[in-house]
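Dropping the structure in here first, questions after.
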C-alpha cells in the first residue's frame, strides 16, 4: 500500500519538496517533475537535505523536464532514477494512490 | 448517490486570500459532501492559516469565506486534521483557530470538536490511508 | 486501469496543462483508460477557443480538442470556476445574459460533482497544478 | 505625483488585482495621478466582460470599469499576453478570424511599448503580481 | 536615495522575503502585504531571521491584509509599523523607487 | 523615441518553463530595447536557471526560448547581471550558462561577454541604482 508523491516546484524557491519528504512512508515513491526537477541535482545547497529526508523512499526525476532545463544526467544526485512519461504512467499505476504536492 | 464508499482526503497547504485555492477547495469539500463518501480534510503548512479566527476582510475588499468552515459539520464533514508542527512553526496554537464543532448523531447529538490536532507522523499516516487525495 | 485527471492551472502560464497532456497521451498509448479530464481553478482557461498563441509555439487548446476527438475524451470544465473567470458556453451565456461565449470544441461545462464522481469511479486520480 | 501600475495576475485567483485596485483608489484620493494601469501576464484576464462572479463576492471587472469611468483611467491590456490567453476586442477578433470577443468596457488592447512608455513617463512604477 | 521593497508571499512557503531582506540597503523600507504579512508576526520559526536580516531597514505591514487573515496587532513582531493603503501610497511616494519582489 | 533616458532594471527570479514569467519577461526586454533607455537585466535566485545552456524542450513539448538570450546583444541589451551566490546554492558555475556576447561598437566591434557575475552585495548596489524596476 504505497503512495506516489509528485513535486513540481523548485525547492530553492518553495518549501514543498521538504514538506513532501517529511510526510512520506517507507517504500513510497517521489517523482520530481516540471520545476521540481531542480531538487534532483547534486552539489547544491539542498542536496544533503533531499538525500537525508528521502532515505527510505524511491526518488525519480522526469527526463523531458530535465532536458528542457538543460540538466544532463551527469548532474543527477545519486539514487535518483531517470524516467520518461511512460515511466510516470507506470508509477501511477503501480502505487495505490497519487498525492500531488501543489 | 453511489454504492462505492471511498476515503477522500482534501489537502490544504496554502494560506487564504493571497490565492484562491483555499476558497475553491472549500467549494469542492461542500459539493463532495453530497456523495456519501468517507471524507477527511487535512490542514498543514500554510493551510493551517485558513482556520484562524477573527478574519475580517472588509478593509481588504475580499470575500470572507472563513465562516463556512463552521458549517462543515452540517454537511457531515467532521474530520479536520490539523498538523501540530505546522502550527508551532507559525506561532499558532489551537486557541488561535475557530471552534469548529459537529453534532454526533450516534451520541445523542452531543456537540464535538471537528478539529483533530495530529503530529507530522500521524498526518503521514492519515495520508497513507486514503483512496483519493485532492490537493489545493 | 482507469485514470481521472485534474488540470488546475491555465495554459502557457503554468506547465500543468502541458504535463497533463503528455501524461494522458502516454497513458492512452499504454492502453489505460482516461475516464475524464476535469479542469478546475485557472485550468478552465485551457478551454477557450479565443486564444491565439504565437505560431511557433504549441497550440494547447487545439491539442486537447484533437486528442479528445481521437480518443473520445470527456473534457469537463467546472462551471463555478468558469463563471468566475469568464469561460462560457452558449447555454450559459444565454442564461446569464452575456452576449458572447468562448468555449472550444470538445469541452463541456458541468458541475463540481463530476470531479467527485471521477474520484469515485477511477482507479487513480492525478492532479496537475501549481 | 504620477504613478504607473502593473497588474500581472488574474482576478480572484490571486489578490494582485484587488491590491492594485485598493492602491489606485487610495492614490487618487490623495491627489496623485494614475497615468496608466497596464495588465500583463494573467492580469489581462481582469478585462473580460464574460465573468460572472458569485453575487455575494466583489465584482472585480466592474470595479475597474467604474473606477476608470470616474477618473478617466487608461486601462491597457497587453496584446501579446492577451492573445495567448484568449482576451480579444472586436478589431482583434475580426483580424484573427475569431467569431467572438470578450473585452470589457473601459479597457483597451495595446502593445508592450505602452508598459515601457509608462515607466519612462511616471515618477513611480509599482507592480502587483505573484 | 532609498527603495521601497514589497513582499506578498508567505515566508513559510516561499524564499522571497529572505531574498528581499538579503538585497536591501540601510535606510530602505520593506512592506509586507497580501500573504507576505505572515512574515510580520512574532514567535514563529522565522521571526529571528526576519528581525536579524531586517535590522537596518524599516519594516511595515499592511493592516487590511493582517485583518483579513485574523492577525491582530498584538501578534506583530517588535519594530513592525502597521499601515493602511494611505500609508502604502505615501511609502511609494517617499522612496525613490519601488521594487516588487514577486 | 524618447528624450528622457532612465535606468531600467528587469529582475528575473523564477525558473523557466514551469511558469511563463521568464518567457514573458524576455518579451518585455526585447520591446523595451527599442526605447533607447539604459537597460540592465538581473538574474538571481531561480532566475539564474533561465540562462543554462543545453535546454532541449522537444520531449516536454514546450517552446525553447533560451536562444533568444544570445540575441540580446543585437538589441543593445548588454548588461546581464548574474548573482554568484544564487549560482553557488544551485550547484552552477559560469560554465553551465550560455555564452552570451555583444559587439562593442566603441571598441571596433570587439565581441565581449554580456554576463556580469556579481556578489549579492553588488546585486543590491545594482538594484539601488535604478529608476524603474520591473520584476518577473
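So that you can tell them apart, the chains are marked A, B, C, D, E and F in the order they are listed, and the count of residues begins at 1 in each.
One rule holds for everything that comes next: contacts are C-beta pairs under 8 Å (C-beta built on N, C-alpha and C of every residue); 3 or more make two chains touch, one makes a residue touch a chain.
Quick caveat, the model's predicted, so the values are computed rather than measured.
Both copies, subunit C and subunit D, contribute mostly matching positions to the interface they share, with over half of the numbers common to the two.
Separating the CA-averaged centres of subunit D and subunit F is a span of 27 Å.
Chain centres here are Cα means. That of subunit A falls 26 Å from that of subunit C. In subunit E, the residues that touch at least two other chains are 8-9, 12-13, 15-16, 34-35, 64, 84, 97-98, 100, 102. Among the residues of subunit C, those touching two or more other chains are numbered 12-13, 15, 22, 41, 54, 125, 127, 129-130.
Among the residues of subunit B, those touching two or more other chains are numbered 13, 17-21, 45, 60-62, 131-133, 135. By the definition of touch given earlier, these chain pairs are in contact: A-B, A-C, A-E, A-F, B-C, B-D, B-E, C-D, C-F, D-E, D-F, E-F. If you check the complex, the residues on subunit E that touch subunit A are 12-16.
Subunit F makes touch with subunit D in their complex at residues 2, 4, 6, 8, 20-21, 24, 27-28, 31-32, 34-35, 37, 131-135. For subunit B in complex with subunit D, the residues that touch the partner chain are 17-20, 60-63. Residue ranges of subunit C in contact with subunit A, taken from their complex: 1, 3, 8, 15-16, 19, 22-23, 25-27, 29-30, 32, 124-130. Contact residues of subunit E toward subunit B in the complex are 8-10, 12-13, 34-35, 38, 41-45, 47, 63-65, 67-72, 75, 84.
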